[in-house]
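In the two complexes that follow, chain A is the common piece, with chain B as its partner first and chain C second.
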Partner chain A sequence: MKMDVSVALGAVIQGVMMGAIYGLIGLGITMVFAVTGMLNFAHGDFMSLAMYLCLALHTAFNLDPYLSLFVTVPAFFVLGLLLYHFFFRRTLKAEILMVVQLTLGMVFIIENGVLMVFGPDYRSVPNFLLTTVVSMGDMFAVRGTYLVTFLVGGAVGFGLYWLIESTDLGRQIRAIAQDREAAQLMGVNVARVQMLIFAIGIALLGLAGPLLTSILTMEPYFGLHLTLFAFITFVMGGVGNFLGTLIAGYILGVTESMGMLYLGGYYGAAVPYAIFVLLLIFRPHGILGTK
Partner chain B sequence: MLSVDHVTAGYGVVPVIREIFLEVGEGETVALIGGNGAGKSTLLKVISGLIKPKGGRVFLERTELTALAPHQIVDKGVIQVPEGRRLFPRMNVRENLLLGGRNVRARQNIAPLLERVQILFPILKTKEKQEAGTLSGGEQQMVAIARGLMAMPKVILLDEPSLGLSPLIVGVIFAALSQLKQQGLTILLVEQNVRLSLKIAEKGYVLENGRIVLSGSGKSLLENGQVKASYLGI
Partner chain C sequence: MILLLGLVLVPPRASVFWVHTFTMILLFIYWTSAWNIIGGFAGEINFYHPLFIAAGAYSSTLLFMNYRISPWIGMWVGVAIAVAIGVGCAWICYRARLPHLSFALAAMGFVYMGLYIGTAMEWVTGGTRGLTLRPASDPANMMFGDKATYYYIALVLASGAVALSWWISRSRLGYYMSAIRGNLLAAEAVGVNTVGYRLLAMAISASLTAIGGTFYTQLNLFINPQVAVSITGVISMILFCAIGGFGTVWGPVVGTLLLMPIGELLRLYVAVPGLHLMLYGIIVITVISFAPHGLVPWFQDYAARKRGAAGQAKEPG
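Entry: the complex of A and B
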């Protein structure tokens, strides 16, 4: 009996640890939506791209994924700035479907590009913590990679939440989300904040990707699955609610690992989606959503 | 101080305002009056840079504002308190005020600016932590004016500050405006409350169908037969 409890507890903890990253990926969507009203269907594919970049760096230079972070985060920040400047910015004044078209197009380009370069195989990149296990008391132990993912993902997630709630940039973000024209009248440089937030959203994927290269196996088409998870946290948290997105990430992580533990396989994988649907039936505006 | 020089502007093909000429001298209070749809708010949007005029230019002292972005115009010293208050509803009063005071000039003086607006409207201090969306209309208008003052403006544009408020609160708002006027603030006041605004204004312009049809001192407009008939109901 003690064994069962400890296995379940282990699954919960592993879920919480993954949840920190799910929340972080979702927070990028929520922040970008708050200031631009845009949804990026290629969000997960950019994360997948970050993971493949780690694979490339590992193959070419034997670079540990944790060290690749110092490449992927700044590179993806710059990529975000460029993508925004050359593509996303231009859809702001257009119909909402334009950005859907644009980003779905990016999905195909990224996925098939990855397929051409890296082939169709399932891949993962080991890092130096792969075999490290950290035991906490005698009840359970966690793998080092999960612990790092949790600590970094959680710290950055709640750090960003603090930034949004307590700094001048955060006030500008919320002002744009609540009344864009009034924000302009108060002197907020809306175009600059939009570009910066978009780039931060992409940089977050440059952070999340390398943290997961030894936990998730990647294949060219798995970006859309990540996008779906990000959208679920975005909606589940209450559209546009920053804290709600982070909390939804943890819910998603825990329900996923519990589903895998008790049901496994296809049924297990369906559990987070089922929970999402149930939650929306009882709280149609999400966990912290209003109206 | 603020000059609008033959501005023509609108949203589609047909201009809403045509060939508007308007001057606000330093320390002056100027009232812009006119009925619904006359183009008053459109003119303020042009001054603030939200819409670019099809013709004409806007100057602050000798600086041309016409081509600048809205945030640059705020940096130069022109702030607008928009119609309907337009506070950030899910932020508290203090955060709303801080958002007013983030331009280059105001940033260095946040503490004294906060103190000044809290003396003008003591309610700002007592309701500091309350969400703006939950305030009464009158309180919201006070926050909106204070948020504008936080920008340390050279010129403040007020769009219908008395709209939808009880006579008592309108009195409070106008008392505050005369106080600001005495402190030397330059004010462009757009109002439907013609009597009150022409009383505190040195100068007034009457806007009808997108054109200035009448201008003069506040006092002379109050006594003008046309103004009396159209706006004062006498």
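Entry: the complex of A and C
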């Protein structure tokens, strides 16, 4: 019996640690939605791209995924700026339907580009912490990779939350989220904030991707799943609620790992989506939603 | 006219491979038109259609394999199930009043849930190994020895879907839908039952798609959850529709005819997995940069401008 409890506890802890990352990628979607009103269907695919970039760096230069963070984060920030400048800026001025076409087009380009370059196999990248296990008391032990993911993901997630709540940029973000035109009239440079936030959203994926390369096995088509996970936290947290999104990430992580532990296989994989459907039925305004 | 005549006469002379390819292209014109009714006319971008295809495919196949009920009858069970799924899921989403585009992503959640549960329920769906129908050519069981027969059925389906789209675009229903697409709140304010009409559009689209699912299974005599519940399939439909023009009668036809033959040729001659899908993505992003509403509206605008210019040139004279 003690064994069962510690296994369950281990799964909860593992879920919480994954949840830090789900919250982080969900925060990216929530922030971009708050300032631009658009949802990027290729969100998860950019994260999958970051993971494959990591794989390429590891194969070519034997670079540890944790070190390739110093490449992927700036690279994805610049990529975000460029994408925004050349594609998304125009679609925002046109109509929202174009975002669908544009981002679905990107989904196909990224997923199949990755498929053509890296092949259809499941891959993962080892890092130097892969075999490290951190014991906490005699009840349970945590793999080092999960711990790093949790610490970095959690710190960045709550750091961003602090940024949104307590800095000038954050006030601008919240002003734009409430009323774009009024914010513009009050002297907020809306276009600049939108571009910056979009780039930060993509850079977050450049951060999350490498952290997970040793935990998740990647395959070319799994980007859409990540997009959905981000979207689930977006809805679960109560649309546009930054703190809610972060918390929802942890809930999603725990339900996912509990589903895997107790149901396993395909039923287990369906659990996060089932939770999402139940949420839409019973708490459509999210866990922290008030209306 | 010549094109139409060609469509009717050519298949008996072509090789089986090409007949099959063109049958698939016609089927995609049909599915894309069906998607366009909810996604284009009513402006409700969504990813539900894999579930409808699966409903059609599995209902007819399971009823036939277990109870020897002809797919001609079984497919109507599929239609009923598809409508129930579509209307049920859409109703849940409308009730939640999520922001724009969330409807689409929520649909994707339903689809992944369907895919995993479908794959897990191996004793029903055959899991990843799927179900294979034993070939026995018998028109009563919607199985034909001649591929050309499938081709003609697909031709009828595709023409029927286009005709239905044409009728809807000129009916009261079509006007309500375009009002909903244009401005949901305004449509609601003038008394359009926005939820009701969107659910109706969803029901029409779901039933058509399910019939296509049954036909697809009878054509290939095989189905598994990965083939039926394919997100790639529905994204292809959306991209075909986007290139042709969302909410236009001919958009799905033009978009599918433009992209799918290129894709099939690439699959045949270059045989790099994923290349054709990547190309779809590149073409879509290129096309929307100069024709944001798709090719059909772009061409109509162009023709109108030309006529306008010609008319102006004549007037002074």
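The working rule: the second predicted complex is superposed on the first by the 290 of 291 C-alpha atoms of A that agree within 3 Å, B and C clash if a C-alpha of one lies under 4 Å from a C-alpha of the other, contacts with A are read in each partner's own complex, and residues count from 1 in each chain.
One rule holds in what follows: contacts are C-beta pairs under 8 Å (C-beta built on N, C-alpha and C of every residue); 3 or more make two chains touch, one makes a residue touch a chain.
Owing to the predicted nature of the structure, the values given are computational and were not obtained by experimental measurement.
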Handout entry: Which of chain B and chain C A:168 touches, first, second, both or neither
Key = first
Exercise for the section: Would you sort A:178 into first (chain B), second (chain C), both or neither based on which partner it touches? Expected result: first
Exercise for the section: Answer with first, second, both or neither: which of chain B and chain C does A:144 touch in the superposed model? Expected result: neither
Practice task
For A:41, select first, second, both or neither according to whether it touches chain B, chain C, the two together, or no partner.
Solution key: second
Exercise for the section: May I ask you to decide whether A:189 touches chain B, chain C, both, or neither, giving the answer as first, second, both or neither? Expected result: first
Fill in the blank from the handout: Of the two partners chain B and chain C, more of chain A gets touched by chain C
Exercise for the section: Scan A:10 for contacts with chain B and chain C and give back first, second, both or neither. Expected result: neither
Practice task
Tell me which partner A:225 touches in the superposition: chain B (first), chain C (second), both or neither.
Solution key: second
Handout entry: Overlap of chain C and chain B interfaces on chain A (superposed complexes)
Key = none
Exercise for the section: Within their complex, state which residues of chain A touch chain C. Expected result: 33, 37-39, 41, 87, 90, 94-102, 104-109, 111-113, 115-116, 120, 220-221, 224-225, 227-228, 231-232, 235, 239, 265-267, 269-270, 273-274, 276-277, 280-281, 284-285
Problem - Residue ranges of chain A touching chain B (in the complex, touch as defined) - result: 168, 171-172, 174-175, 178-179, 181-191
Completion exercise
Listed in rising order, chain B residues that touch chain A in their complex are 48, 50, 69-71, 74-75, 79-80, 82, 86-91, 95, 98-100, 102-103, 147, 151
Problem - In the complex with chain A, residue positions of chain C that touch it - result: 43, 45, 92-93, 95-102, 104-106, 108-110, 112-113, 116-117, 119-120, 231-232, 235, 238-239, 242, 246, 272-275, 277-278, 280-282, 284-285, 288-289, 292
